[in-house]
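For reference, the structures are reproduced in the following blocks.
There are two complexes below, and they share chain A, which is joined by chain B in the first and by chain C in the second.
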Partner chain A sequence: MNFKKKSDDSAKKSEKHYLSGKEIRAIAKENNKVMRRLEKYKRRKAPEEEFLGEMKDPADILEVEDLHSYFFTDQGVVKAVNGVTFSVPQGSTVGIVGESGCGKSVTSMSIMRLLQGPQGQIYSGSIRFKSYDFKRDEKGKPIPIWDDDENGEPVYEEIKDRHGKVKLDKNGKPLTERRQKRDRYGTKLYEMEEKVFDIAKMPTKEMYRLRGRQIAMIFQEPMTSLNPVFTIGNQLDEVTLLHVPGATKEEAKRRSIEMLNLVGIAMPERVYNSYPHELSGGMRQRVMIAMALEGNPRLIIADEPTTALDVTIQAQILDLLRGLKDSINGSILLITHDLGVIAEMADYVVVMYAGRIIEQGTASEIFHHPMHPYTIGLQKSKPTMDSESDSLFNIPGNVPNPIDMPDYCYFRERCSGCKEMCYGEYPKMVQVSPTHWVACHLYGGENPKENADEN
Partner chain B sequence: MRTENANREELDFDDAAEAVKERELREELVREEEALPPDPDALLEVRHLKKFFSLKKTITGRTTVWLRAVDDVSFKLKAGETIGIVGESGCGKTTLGRTVLKLHQPTDGQIFFEGQDIAKFKPSKMRGLRTKMQIIFQDPYSSLPPRSTVGGILSEPVKVHKIVPKTEIKDYVLKIMEQCGLRDYYYERYPHEFSGGQRQRICIARALTVQPKLVVCDEPVSALDVSIQAQIINLLRRLQTTMGFTYMFISHDLSVVKHISDRIGVMYLGSMVEFGDKKSIFTNPLHPYTQALFSAVPNPNPDVKMQRIVLNGDIPSPAHPPKGCKFHTRCPKAMEICAHITPEYREYEPGHFAACHCYPQED
Partner chain C sequence: MLKYILKRLGLSVLILIGVSLIVYILIRCMPVSFVESKIAAMNQGGVQVPKETVDAMYEMYGLADSSFLGILKGYGSWLNALLHFDLGQSFVYGDSVLNVIVEHMGVSFAIAFIAIIFEYLIAIPLGVTAATHQYSVRDYVVTIIVMVGISLPSFFFARVLQNVFALKLGWFPSAGMENTAAGYKGIFRLLDQLKHIALPLIAMVILSIGGTMRYMRTNMLEVLNSDYIRTARAKGLKESKVIYKHAFRNTMIPIVTMMAGILPTLFSGAMITEQIFDLPGIGNVALKATVSADIPFIMGYNMFLAILSVVGVLLSDLMYMVVDPRVKLA
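Here is the complex of A and B:
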């Protein structure tokens, strides 16, 4: 094709910068240094005191402070999460909204410490999580809660094997053990204590204490997150077997079936024995939720739990999640791009754009008095069921290239309300009400309240 | 074995005879209807369209299990209008769209396009009509050839259908690109260099190059972000007003369909359960499935707590649909009759069709 470039040569060059091999090698060398240091930090052996901390607000269950999660690629460092600060209060639902690539999933993956290493790393910041942990004796074993009789005398019970038969010792006498307290699903109870962990500082091995037990995650695509070669029961039991010391297979099975019941599966016994491909999308997502509940977590992270589902099934799953939050007395961190879902579920909303939080507040503040031009645009650009308009509002342009982010406001190019100040540095978070924060120059200055009312 | 069968036949003899009679009666009605001339106002008229896929075959090649992807769907579409097709995944929306364009050979039924019944046309004869009907696919990432440039992608249909002389192809393509909001230096770029929204623009431009009359949009915005979605929807609407397209807009997102359509058809398990004007269908949804579907859409207003009709269970397998009304297994208003007799698809208000036993016949 003999198509000659004309006047657009300059525009083309500025839009995409191609790297030479030499440049790529230099970047890779630099990245390797940082990645090696961070990987070593993750693998280190550390005493517990090193990653214990204190919550700023005792009502919170999770506090993320100035979190930076980077991906070290050969094209450059992608700052997927770039200074994110928010908190999840006990017993509430916090929603994170944003478009794809804004860093909402990377935030949740950072909290779970599941970033794909060595490229993906938590670079700095802290994630404080108030967790329950087993109280341990001098040998490091968890202390059971004994189920004694009224006089405080220990009660002994016979040990049974898999088939319900009593185990016998060499002399033919039944083996006994001291009776332990159990919860309503028949799982053994241990003494617990509350500790505040700083997840960003924990070595990877220590994360096993929290992951799946105290923080659980529901993933977006239920088909790819269930293992196709194991039965549902097998995968559900694993959680109990791993996280409850001394749990037997029967106990695990009983708990799994109870959990399947809890998420509204009609025939839990049958689902327990089936494989993931035999279930429909809604059922699979219910199994994922059951798996998350299995460890009795304090925080459930739901990463786009309904995106792959139909509206009628989505309604079922949202109803289920809302009901469960009360029954397990936990908190939910809900990540989605659907404003409707957020409005229905969340108490607090965090709006993210290009790796940063641009606005956060309670749900009614964000939906009734949105401040940031991006939040306003996002709400106007979504057609709703009761709007009557011919043309949709649209935000022009695209999200900036994540590799070389500008040093001014990331939204400047797409913003309709640009001021002179926007050509300066990135705006700071401004408090407009006790719970409402926004990062925009429009609301800076001395009396942000007045500015807010004008708009 | 044989005696057993014979017994059963004897027992069911009356029912079977009645069923045969009923079937014959229905077939006669269908034949009468088939003979009717097409509506001259309609650009597209679909009558009793069926598309079955064979799932299981015997050794001799006879199909024993059919998947009824589209089962007896009828509607009319005037030139310049937009019809929105909504439904859950697996209800046959996409198959309907493709069958209308004859990308699938229909099993039965008639498709009138500009007064011609194209259902029986051979592929060679269809080729001449391809310039009048185009499709925009759902996934802009997999529907563009990765090895050709945007210019190559857009000029191929122009060359094949000889829309403009060879020397003017490039100018023509650049003009189309400008209409779709693509810069002209994109001409020699490859698809992987673009974001999802830009790729969808390329797909739209490709459909426009042959100047079609009917464009089937198969979930064109569901793979895109909200702010990009609005751009694409506005583009589609602008093109409709300037070039007078007729859209068949397939989507599972009700709010988008409501925004763009003039008429809406709601599908469930291969059948059209309700069809009508946007206004009448949204103010007065007749079918319980439509009502449940509308109430399930999350409202972006935290203070409004909606009265939601939550349907139990999942959509049944289209290979073994329930007898009678296909929706009766999940229907909150199911009656006894629903499990036995398929409700008739009839007009309740002018231009508003539904198939449900809840509304008695007014004969």
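Here is the complex of A and C:
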């Protein structure tokens, strides 16, 4: 990102527990300056070339590189996401785990560009996303795929109005239009092309074509995530009407009902006409998933999709998500603090702590050979059926205050394997296998493998 | 539904009886008496009114017995007359109370109706912009201006307007409802009347915008921070659609409660503003009646407002059901 980097640690670190009026004013001044610059950057008009990019690995659908998402608060800058790098390969599920407040949700919100401005901002870094967008002609209109007959001759069909009657022109002749190819849900198809966008650089207005259509999000609170005054049908149709050019209300309704069917709702017609308060939590989460599928997205971000649900519904929703991933050939970015869910669902796991990634690897590596003391602690603090002990293990202490983070391993105070080196600067990422990375001084030696075995 | 409305109306009768009893007792305890001031006026003429006449007058106006029982008796006879659809004769205006109310209601209603339309047309967009641009320059400017409006006392602000725009600049007439001397007809008469009510309207609108705008801003902020707005944004909806479709419908739910307050204000008239601009509205009439302790009129006027308030609350409850699908009345 081409932001001018400058120090924004305006408040000097001090031992006292309060901020003086002078310090508060200095923080506010500095914050205002940065926020205004970033807000202006989001509102700017930019040609498409400015935010087009290239994927590092063509197999990836999403690459997040050195992402910094900050909150500019009155007490100082909260570095909620502080240099996060990971990627989501096409067709896979990537899980992000960590304690509350470690930056999981902020990472996902950054990808959607839904951080609440002006306080929440992507400060620097890049989020490259391989989008599958409409191919447009010179006038900027999407190019339809025509459904021609065997000889390549165009086929014309009559235009029907809402009541299924054929529309007539002034002379009483039926109006016709060239037949367009439709998918199995009756939604019109257009020519598509792949483009790589750098989401962090996109103006907010350009985000409208990615949100809902290319990247969809399922939130953790199904009870409050649906608008209480509109029917389910109205809220579902909106996505199709918004993202498919020339979609009619009937087409949208048909698609919505198909999607409700797909997520396992028994009476889609009835649910289509109900209001959110008439459904249970599990049903609402299914509706949210249906809404996410409506735009046929390439990436679904599920932000703790099962946290608010009871255990039996959790299993059903996870099964549903797993099945859907294959049927839509998309990827899932699953955010959770439930290691069981991750073990069940994810191909790759990213472990976050205090805004940074401390370990990442395949699910099997993280579960069978956890390396970072934090990951090991997380594993231990999971209740198991065969353990004999009376009390559950927990990692002592809390996540440090996110304002004025020190430049040493944030886990130092809570770590059981703390060494002299840990009093030095923040550990770098160490590669321990082709897919397994860890940021810990325990493995920073000449031969990381050996160190790992010692542990 | 019909059953619910009937039940509510039945309960309203009880409320109205309670209101009328309290209002009647309070008026009878007022330190002014219509008869007293009338006799004082007669005495001013230099003639000493004989005691028998004074007693006869008290008897005639039904104010002879000021004991608690006497007051209750007076209330009983007022209620009895009401059951025969008789609100009594106004002491001051010498006409039946109902006639006086009906005669002056039109002017007040017209002014209040126009004022409320303007109030909402201005306050709602201001509230929305202040909320969507929270803590920006725009938010602060709007908030400061409406706070100034809300803080101005009506008697002061109306006088300032009158002084500046009517007396100094002469753009508007200073008082009255129309220029009877000019003898305008049809559309010209209407325009003349509009010119006369312009200043009171401005005063009323500026004074009332503040409350509505603050209310709108608070509600909008609350709605904008809710999860379903995030969902709407995540769908890819444009910000304007998010605000005016998804947020606005939800903001309207608490706004509807204000309906309960609108109905009485529409008809009650603005006492002070009408008095300053000498408009023949019901507020002006009621103020004069109150000052001179015109018991039948005050009773009639207050009952009129009480009925409107009760109906207003019922209407706002019904409106709740229309705007919020979660509310079911039974």
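Methods note: the second predicted complex is superposed on the first by the 438 of 455 C-alpha atoms of A that agree within 3 Å, B and C clash if a C-alpha of one lies under 4 Å from a C-alpha of the other, contacts with A are read in each partner's own complex, and residues count from 1 in each chain.
The rule is simple: a residue touches a chain if its C-beta (ideal position, glycine included) is under 8 Å from a C-beta of that chain, and two chains touch if they have at least 3 such contacts.
Since the model is a prediction, treat every value here as computed from it, not as a measurement.
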So, after the overlay on chain A, do chain B and chain C clash or fit? They fit
Q) Which holds for A:Arg412: it touches chain B only (first), chain C only (second), both, or neither? A) neither
Of the two partners chain B and chain C, more of chain A gets touched by chain B
- Return first, second, both or neither, reflecting whether A:Lys325 touches chain B, chain C, both chains, or no partner chain. neither
Checklist entry - Should A:Met217 be classified as contacting the first partner (chain B), the second (chain C), both, or neither? => result second
Classify the contacts of A:Lys382 with the two partner chains as first (chain B alone), second (chain C alone), both, or neither.
first
Quick check on the superposed pair: does A:Lys253 touch chain B, chain C, both, or neither? Answer first, second, both or neither. neither
Superposed, chain B and chain C have a smallest C-alpha gap in Å of 11
Counting only contacts in the complex, chain A reaches chain C at residues 112, 114, 116, 118, 204, 207-213, 216-217, 219, 221, 224-230, 238-239, 242-243, 275, 277, 288, 291, 295
As the complex stands, chain C meets chain A at residues 135, 225-228, 230-239, 246, 249-250, 253, 323-326
Contacts from chain B onto chain A in the complex sit at residues 88-89, 149, 151-152, 170, 183-185, 187-188, 193, 195, 197-198, 225-231, 233-234, 237, 252, 254-256, 258-259, 282, 292-303, 308, 310-312, 314-315
Contacts from chain A onto chain B in the complex sit at residues 1, 3, 5, 8, 11-12, 16, 99-100, 280-283, 310-316, 318-319, 337-344, 346, 363-364, 367-368, 377-379, 381-385, 387, 389-396, 398
